[in-house]
Structure formats: structure tokens, C-alpha cells
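Before anything else, here is the set of structures, which you'll find just below.
Heads up, the next two complexes both have chain A, just with different partners, chain B and then chain C.
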Partner chain A sequence: MTANLINILLGGVFHAAILFLVAAGLQVVFGVQRIFNLACGSFYALGAYVGASAVNAFTGAGGPPALFIVPLALAGLLVGVVGVVVERGLLAFVYDRDETFQLLLTFALVLMLEDIVRLTWGTAPYSTSALYLAYGQVNLLGATVPVYNLIVIGASLAIALGIGWLLTRTVFGRIIRAAADNREMAEALGVDMRRVYAKVFTLGTALGTLGGALVIPATAAMSEMGIELIVEAFAVVVIGGLGSMRGAFVGALVVGVFRAVAIAVYPELEMLMIYLVVIAVLVLRPRGLFGRVAV
Partner chain B sequence: METSRREFLKGVGVAGTGAVLGFPAVVSAQARKGVPSDPVKIGVMPIRAGVAAPVGAAGQRGVEWWAERVNKAGGILGRKVELVFEEESNPKDTLERFRKLALQTKVDVIVGGISTAVGLALGPAAEELKMLWLSWDATTQKGVEETMPKPTYSFRSVDNEVEAIGGALLTAKYLKGVKTIAGINNDYSYGHDCWETYQAVLKRYTPDAKSVLELFPKLGVTDFTSHIAAIQQAKPDLLMTSFWSGDTTILMKQAAAVGLFKTMKACFTTGGGVHDSLKKEFTPEGLILGYNSMYFNYAGASALQKQFVREYKAKYGEYPPYECDHGYFTVESYKAGVEKAYKAAGEWPSKEQVAKALEGIEVESLSGKRSWREDHVQMCSFFQGITTHKNEFDFVTIDPVEVLPTTRIMKPTTSTKLLEWINSTFPLKG
Partner chain C sequence: MRRGPVALGLAAVTILALPLVAPVYHVLLMLPFMAYAVILLGLNLLFGYTGLVSFGHALFMGIGAYTGAVLTTHLGVRSLELILLASAVLGALVAAPVGALCVRYVKIYFGMLTLAFGMLFYTFLLKFYRLTGGDEGIRVLRPSLLGFDLAAVSKTDYLAGAYYYYSVAVLVLAALLMWRIVHSPFGLCLRTVRDNPAKAEALGISIVRSRWYAFVISAVYAAVGGALLGPPIGNVDPTLAYWTHSGNIVFMTLLGGFASFFGPVLGAFVFIFLQDTVMSVVPYWRLIFGAILAFLVIFAPGGLMGLFAGRRPGEVSRA
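Entry: the complex of A and B
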């Protein structure tokens, strides 16, 4: 009984850990730039592919399997640099335009990135083989838990704390919050918004790519995996409240755990459950649990 | 690798050039009475994106391998073969491309179709346009019911539930004592039908077998941790799944991470479609695994299959999955149909004549003899067995291999009611 409960809860929390990273990327970008970045799912897919490639190259070159997490996380973070390119090369031109343009542009990115992934890695599922099992399992009150899942959960939690620290305790964080609150005022006070935007978007992208890289040992990369996740990330954002980091954290936990419980108790509700929560939140708290902006 | 639209246009270009270069051969072949000198145009419709893209690529590779050999040997009745590609995607767009191939490109025959949702759109269109359509994997079934009992121009794939029937037969034979079962299948017709059929057949052998959990994640899900937790909670004797794409690999890996198959048996009716991703490190021995209708490592394979596997490995660096032979068979049977009808007519046959000639025709395909049943359903053999690590690869293979002909594991006519047939046919002895 306890073992089952732990299995179900940890399954949900593992799913939530990945969802949080993608949703956090979505939130930080929306909070500051007011751009709803549909491509966050594609960054997640890109991170997964690049991460898997890096790990395969690492083990192929004779690197010890136990250290695979190092190239994995590095690759996941580094590929976040695409964010600068996308922000300076594309988004910078549409800030003054209608939101529809911005939405369309990020959707175009979704399509382009999916094709780039296909051109580069082909269409067959791409994976890191059996490295997932390299760290073995632990026994938690009778439940067998893959250590790697715990690492991912821990990493996601650390990143959440790190972002919290960044936003509340650093100069850059204050600037971000100021810019999110009142862009004109921040600019008038001498903040170079172009740099802030580039940094924020890169941060958002890197969260997504890191999420993708971290999840890949436990699964297999498929070119459309981003689309799959973005739907759930939307749910997270609506539940948590648009633009809120705390919302992303709580929203991801709600979605992950509710889904896990639904699968265990009444599997037909697997997807519906999430939407029921979304509807409930929209009715009772239209701005989401932690939202400040009207959705 | 093989999917860019540009590359694929290039491929068409090359096929066109090939036809031009082949001109001298065509001229010499003009000697054949009543045979036009221009190339035979074959429309090919592989899926290129999404979870089924690797399946589409395999079908295309089978057709290309065939075309190369046939052109080298002088074509069909001396006419060179030219492949014209159009992508299979959703039913609506695929239908438009199908019409384009038929009306604008004016191809002689169209092969392809993997999704049954697409098949349901192409079948009626083929009849309406009087266009020969030889399906790879798509049927025209709605659930387990046939929507086109006796078409003229459409030739459909094997019934969707055949693998589930084979899997249940093997479960009864090899995994005795299985009483409680759980199913995890994709949330669409194929997944639901396979699960229902599997249970129905298994119950003919083990009447008190019962389902304790049914999971239907949607196609494309990449995290099954929560599903596996639910399976652990339900504690069935056996897990059945008809997963056929990358989700097979993911499920296997995530199951291994919690030691699921240490205490539980499993039947992967269709997982052989991604066989080389089922690495030994996380795929245990002793599971039932189905390779659909071609098993690359079959000891009793024909010289033709062995040559194909060798050349495929050399060219693509991997071992071919079954869809190659669905592709190969459709074009090889078309060639045989044309030749047969030509003998009777004395001139290049019309589509109606080819369609008639195809009924009941049998050809040597990659995996052995394959045929079209009189009511336009593909007949072949399915390969399923028990996973083993005793091989030269880093992934599992099967031993023993059970060869299950569709004469045994598929209902005998399109109008047969599936459940009635299961309840009157099974249990089989032996």
C-alpha cells in the first residue's frame, strides 16, 4: 500500500519536475516580455536531442557512464544560447507589433524547429540507450525508485530555488521584476531593455532545453515531443497564473500529481482530470492561483 | 535522415532522370506488342512526420529497393518504373494528394497508406476515381467492422487485430498460468481493438482470465512513470501492449527501471516494429514480442530476404522492420498482376484488368509468399516469439520463432464477424 502510494506520487512528481522547467521558461518570458512563447516546447525537444547526442558522444569517446549527467546538463544549458539568436534575430522585430504577430512568430518557430530536428536527427526515436539505469534504484518503504528520477526531481527543485534567489536577491532579479512591473519606468531609470530582453529570453530558453536534456535518459526523443508537452505546460500556466514563478511550481505539481492519481485510480480520466482542474481554476480564480495579470 | 521535403523532391527528380536515362531500354522494349513506351508511374505515399515516420520510411525503402531491381531487369513488360512520392499525413490532406496523383500526375497505381483513418478516406476515393490503390498497412475497417466488403480498386492490408490474436495464442502456449492481465494500449481504434481482441482470444484458452487494469495513453506520450505505478498497484500476472512506435522503447526502459518484469510477464504484440531500439540492458528475456509480418533475423528466411536484410543494413546501418515488406509486396504484386493480365489481354492491361488479375494472386515477397485474398485483403505470415539475449546484437531477438499465417489468425472473409469467429474458431490445438 505505502509502496504503491510512493510509486504513484513519485511518478507524478517526476513528471511535474520536467513540466516545471518548461513552464518556468514560459513564465519568465511572459512576465517580462509579454510574449507567450509557443516555441518553449520546441526548445524542450531541442534540448532533449542535443543532450542525447552529447551523452552518446561522451560515452562513445569512452567517458565513464556514471558521469553522463555532466555532459547532459552542460549540453542542455549550452543549447539555451539559441535563445539569444531567436530573441535578437527574430523577436526583436515584433515587440512593437500586435500580440498576434508575436504568437504567430513563435508558432512559426515551432514548425521550423521541428523540421530542423527531423533534418538533423531523423524521424526514428532517439535515445541514450540504457544509461537511465546507470545509477541503479533505491528502495523507499518497499517501492523501487530509479535514482535518476530522484536526481531529476532534485535538480528541478534546486533550479526552482535558484530562480527564486535570482529574482529576489540579485540586482538582475530586481531589474527583471522592475521591467515586468513597468517597462517604461525601468527604461527611464536607465535600464537597457534590449539586454534585459535578450538575457531573459535566453534564461527562458535554457530552462526549456535543460528540461529536455534532463528527461531524455528516462525516455526517447521524438520530433513532436514538444507539442505533447506544451499542452500540459499551458495547463500549468493557467492553473498557476500567467507570469508567476510560484504559479509554475505549484501548477506543475498539481498537473503532475493529479495526472498520476487519475491514472492509478480511474485511468479514463488521465487527460480529462487536468482539464477539470483547469476549468475549476478558471471558474473560481480566473487569474490562476498566483496570477496578477488577468488571463 | 530521409525526411526533408527537399531531399524527397530531389528523389523524385532522380527517379525522373532515371527514366530519361533509361530511354534506350524503353525503345528496345517497344517490340512488345501493345505496351506503351513511356515509364509506368507508381504513386508512393509514405508517412514522413510524426510517430509513424520511421514506418513510412521503411515502406518507402522496400519500394525503392524493388524499383531499382526491377528497372535493372528491364522494368515491367519492358516499361521502366518511375516512383512519384506524395506524403501521407492526415486523412484530408492525404486524400488531396491522392487525387492529385490520380488526376494530375496520372499514375498507374498508388501504393501506401499506414493509418487506417487515412485508409478509410482513400478506399472510397480509389473506387470513385477508378484508381488502383494497394495499401501497405492501412485497412478500411471501422473498429473491427469492414466498411468495404467487396471493393473493385482498393486492396487493403491485413486486419488490424491479427497481431493481438497471435499474441494471445502465444500467451496461451508459452505463458501458462496467466490469470490476471493488464493492458496498456494507445487511445485510438487500433489500441482499443487489439486489447479487446487479445482478451477475447485468451479467454478461449483460459476462461477465467480477467482484466484488472486498462490504460489508454494517447499516441505520442513520452512518460509512462505514472502508468507503470498504476500497473504495479494492480499486480497483474501479465501486461499486454500493442505499442508499436517509440513508446514501446520508453515503456520498456521505464518498466526496467522499477523492475516491473521481474515479477510480471508481458506480451508486446507489435513492439518488433522498433526492434533494434529494444536494448538488452533494459529488455528482459522471456517476453512475447511480435515482429509483424517480417522478422529480419528469421533462420528460415528466403535468399531474397537475406539479401534484402544485408543490403539494407549496409545502406542504412540498421536492420529492416516489417513495413519494408508491406511496401515491397504491393509493388511486386502489381507487377505480377500486370504481367498476368497482359497474357490474357495481349496489350497493356487497364486498371480494371489489373485489379481482377490481382485477386487471389500470390507472389514471392521478402518474407516469403504473400497474396491478395479474393476480397482484396493482404495475406501473409506473422512472426512472433519469446525474447532472448542469445544473439550477436545489442538488442533482443526472438527464439523460438512462431510463424503465424493469416489463414490461421485472421478472420476468413471481410464480412465475418470477428467475435463470432473467435468464439467458434479458438481454442486451436497445438
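Entry: the complex of A and C
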């Protein structure tokens, strides 16, 4: 019984760890640029494919399986540079437009990236050779848990702390918060908003691609994984509150664990419950648990 | 604007004569176009005239399509008139409470709330297997038209003949009705609410109620259009209600031009036929359409109608 419960909960927390990374990317972009980036799910898918390719190339070149996480994480982070391209090449044109157009532009990205993934990696599910259990499994209170899951949970926690440190303890973080609060004032004080936007969007993208890369040993990459994950990440940020990092953290835990429990107890309910929670939050408390901006 | 009526007349003649001259394949492609045209006429009441962008309208298309499927397959109702009526009523019944909650918000929050409702319905369709057939969906049996049971006619003759003209009639009626709505005092109210909510309020217009009416009307249009989508495919499945489908119809509206009455109809036409052309060459229509959408958003937010009319983007984009 306890073993079962631990399994369900840890499965949920593992999913939450991944969700947090994508949702954090969504939040930092929304917080500063006021753009709800539908494409962050597509960045997640892109990270997954590139990560899988990097790991396969690594093991194919004779790299030791125990070190696979290094090329995986590196590839996940590096592919985040597409963020600069997207920001400078597309988003930079629409900052003064109605947010509807910004939303539609990110939807255009969703469409394009889905097919770019299909063009590059084909339509069949793509995965790494069995590396998921390369680090073995441990016994936690009777439950058998892959060590890799614990590594990802730990890494996600470390990234959460790192983002917290970045936002509250560094100059760049102070500039981000100032820009989120009052763009004109920040600009008047000499902040080059173009560079801030490029950096922030790249950070958001890299969080999404890293999340995608880290999930890949546990599951196969599929071209629809992006548009599926974005609605979960969307649930996370609504529950947590748009633009809030703490909200992304708590929201990811709520959605991840809730979903795992629902799947185990009553599979029909799965995401149905999540959307009901989302609607309840939007109706009763639109700013979410931690959001600051009232509607 | 003398060009308007001429273009409209030409379009009408072409549409009526098409089954007589065009290859069956293209005639059949007109069926989803007309269904989407009905849906978009409704969506644009919300998007273009009221300024609310819904990312969950697939919910109402799904309601219409599934109503047709359940009625023909499970309940033995074959009359398309009854199906359209039931779709409209169900669409309105669902849209009334959903809309009442959604229209309290605008912009991104409205979009998010509609998205959440859409995905709620999608999950329902996917998970409640016994009622909805899960991911396989439900078959749509051939409906009878105006009381004529056309079971003896071959499938192509039915779709490219009677069903085609039936769809034309529904589209024309829907367009006439929508024309009346947007040119009525109520339509004027909606535009005032969009452009200057404070002034609308000062004039005694209830902002929330106007938006709510617009939401319910557009949902009814989406449900009726959704019901028309079913019979040509012969099967409905949950992807109809998926959020990307909601995104696609917003895309169609923008493609044609949301600032004009017939813009969305043109958008549906170009979308359907261009998608078919692209897919006959390469399967990657999303890549090309994504690029088109990005181009539209950045350079031509007025859509095709905006280009024809030669308006500058500044005149159609709302602050």
C-alpha cells in the first residue's frame, strides 16, 4: 500500500519537475514581455528530440552510458538559442501590437515547429536506447524508484532555487523585475529593453528545451508532445498565477501530483479534474494562488 | 464600394454553378468550406465585432458535430433540420453558462478561460468512452434532407448534389441573419463595447450582457457549422474539439480579415483550398501555414480583405 502510494506520488513529482521547467519558461516570458507563449510546449518537444539525438550520438560514439546525462542536459540547454532567433526574428516586430496578435504569432510557431520536428525526425516515436535505468533503481519504503527520476527532481529543484537566486540576488534579476513592473520607467533609467527581452525569451526557451531533454530517457519523443504539454503548463500557470515563479512551482506540484493520483484512482478523470480546477481558479481567483496582477 | 456587390454576385453564381462544371473532388472540398464559413461568421461576431478572441470555440463545433453523430447513430433521428436545430439549442444551452463566466474577462484571460473549457470538453469526449466512442469517435449516418430520405443515392451524388445545395442554403441563411445582427443597433452596441467600453457604459449599454449575447450567438453558429462538418467526413472524433482546432479557426478569420463581414468566409475558403493544394505536394502544411500566419500577423494584420481594400494595417489593428 505505502509502496504503491510512494510510486504514484514520486511519479507525480517527477512529472511536476518537468512541468515546472516548462511553466517557469512560460512565466518568465509572460512576466516581462506580457506574451503568453503557446510555443513553449513546442520548445519542450524540440528539446526532447535534440536531447535524444545527442544521447544517441554520444552512445553511438562509444561514450560511457553512465555519463549520458551530460550530453542530454547540454543539448537541452544549447538548443535554447533558438529563443534568440525567434525573439529577434519574429516577436520583436509585434511588441506594440494587441496581445491577440502576439498570441497568434506564438501559435504560428507551434504550427511551424511541429512540422520542423516531423521533417527532421520523422513521425515515428523517437527514443534513446534503454538508458532510463542506467543509474539503477533504489528502494524507497518498499517502492522501487529509478534513480534517474530522483536526479531530475533534484535538478529541477536546483533550477528553481537558481531562478530564485537569479531574480532576487543578481543585477540581471533586478532589471528583469523592474522591467516586469514598469517597462517605461526601466527604459528611462537606461535599461536596453531589446537586450533584456532577447535574454529573457532565451532563458524561457532554454527552460522549456531543458525540460524536454530531461524527460526523454523516461519516455519516447513524439511530434504531438508539445501541443499536449502546453495545455498542462497552461493549467500550471493559471493555478499558480500568471507571471509568478512561486506559482509555477506550486502549480506544477498540484497538477503533477493531482494527475498522477487521478490516473491511479480513476483514469477517466485524469485531466478532466485539472481543467475543472483551472476553471474554478479562473472564475474565483483569476490571479491564481500567487499572481499579483488583478484582472 | 461598388466592387463589393459585384464580387458577391460572382461568388454566388460560381457557388451555385460549381457542381455542374467542377470536378467532384473540388465540389466535395466546398463542403468543409461552407461549414467553416458558418462557424467563422459566428466567431467573427466575437473576434472582429466584439474584440474577444476565443481559443476554445472548438468546444461548440464539437457539440454540433457530436449532436449529429449521436442523433443519427444512437437515436435514429435522420432529419438534418432536426440535427441543426438540436445543435443550435445544445450549443446555446452550453454557451449560456460558459459564456456568462468567460465574458467577465477580456483579452488573455478570456482566451485562457475559453481554452480551459474547450479542453475540458475534449477530455470528456476522449475519456467517456461508452458515451462518445473515445478517440475513435462516432459514425455520422447519412441524414435525410427536408424529409427526403436519400439513402438510395450514391455517396458522391448525395454529397456533391443535395447536401451541397443544402449547405449553400444554410450558409446563405446564416450570412443573411448575421448581416442583420451586425447592422442592427445591437451590432453597433458590440462595436462600441469593443472600441470604448467606458463610453458604452455611460450610454447605458450593459457591457457584460452585450458580450454574453455575442458569445452565445457565435456558439450557436459554431454548433450549426460543426453539425454540417460531420456528414461529409462520416465520422466525428475528439480532435474536432482540440485546442489547435480552435487556433486554426482564429487563423482562418485572421487570414481572410476580421475587420470585414465577408473576410472570415474568404479566409475559410483560402485555408481549405490552400491546405488541400499544399498537402497534395508535401504533407507538411503546418510549416507553410505557420509561416503564412507569422507573415500575416507581422505584415498584414488586416488579412486578405485588408490587402484588397488597400487599407494600412494601422486602421484595422486595435490598440
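Couple of notes before you dig in:
In this section, the second predicted complex is superposed on the first by the 291 of 295 C-alpha atoms of A that agree within 3 Å, B and C clash if a C-alpha of one lies under 4 Å from a C-alpha of the other, contacts with A are read in each partner's own complex, and residues count from 1 in each chain.
By definition in this document, contacts are C-beta pairs under 8 Å (C-beta built on N, C-alpha and C of every residue); 3 or more make two chains touch, one makes a residue touch a chain.
On a predicted model such as this, the values are computed, not experimentally measured, just so you know.
After superposition onto chain A, the partners chain B and chain C occupy overlapping space and clash. Shared-chain residue A:Ile279: touches chain C; no touch with chain B. Shared-chain residue A:Val84: touches no atom of chain B or chain C. In the superposition on chain A, A:Ala218 makes contact with chain B only, while chain C stays out of contact range.
In the superposed model, A:Glu270 makes contact with both chain B and chain C. Look at A:Leu289: by the touch rule set out above, it reaches neither chain B nor chain C. Looking at the shared chain after the overlay, A:Leu105 reaches chain C, while chain B stays out of its contact range. In the superposition on chain A, contact of A:Ile151 is made with neither chain B nor chain C. Shared-chain residue A:Phe234: touches chain C; no touch with chain B. Judged by the touch definition given at the top, the superposed model places A:Arg118 against both chain B and chain C. Clashing C-alpha atoms with chain C appear in a single stretch of chain B, chosen from 97-105, 133-141 or 295-303: 97-105. Chain A residues 115, 118-119, 227, 267-268, 270-271 lie at the interface with chain B in one structure and with chain C in the other. Those residues of chain A lying in contact with chain B across their complex are 3-4, 7-8, 10-12, 14-15, 18, 115, 118-119, 122-125, 127, 129-130, 132-133, 137, 144-146, 148-149, 215, 218-220, 222-225, 227-228, 259-260, 263-264, 267-268, 270-271.
Interface residues of chain A, counted against chain C in their complex, comprise 36, 38, 90, 93-94, 97-101, 103-105, 107-116, 118-119, 227, 231, 234-235, 238, 242, 267-272, 275-276, 278-279, 282-283, 286, 295. Residue ranges of chain B in contact with chain A, taken from their complex: 1-4, 48-51, 53-54, 56-57, 213-218, 220-223, 225-230, 232-233, 245-246, 249-250, 253-254, 256-259, 274, 277, 279, 281-282. For chain C in complex with chain A, the touching residues are 53, 55, 101, 105, 107-109, 111-113, 115-117, 119-120, 123-124, 127-128, 243-244, 247, 250-251, 254, 283-287, 289-291, 293-294, 297-298, 301, 317-319.
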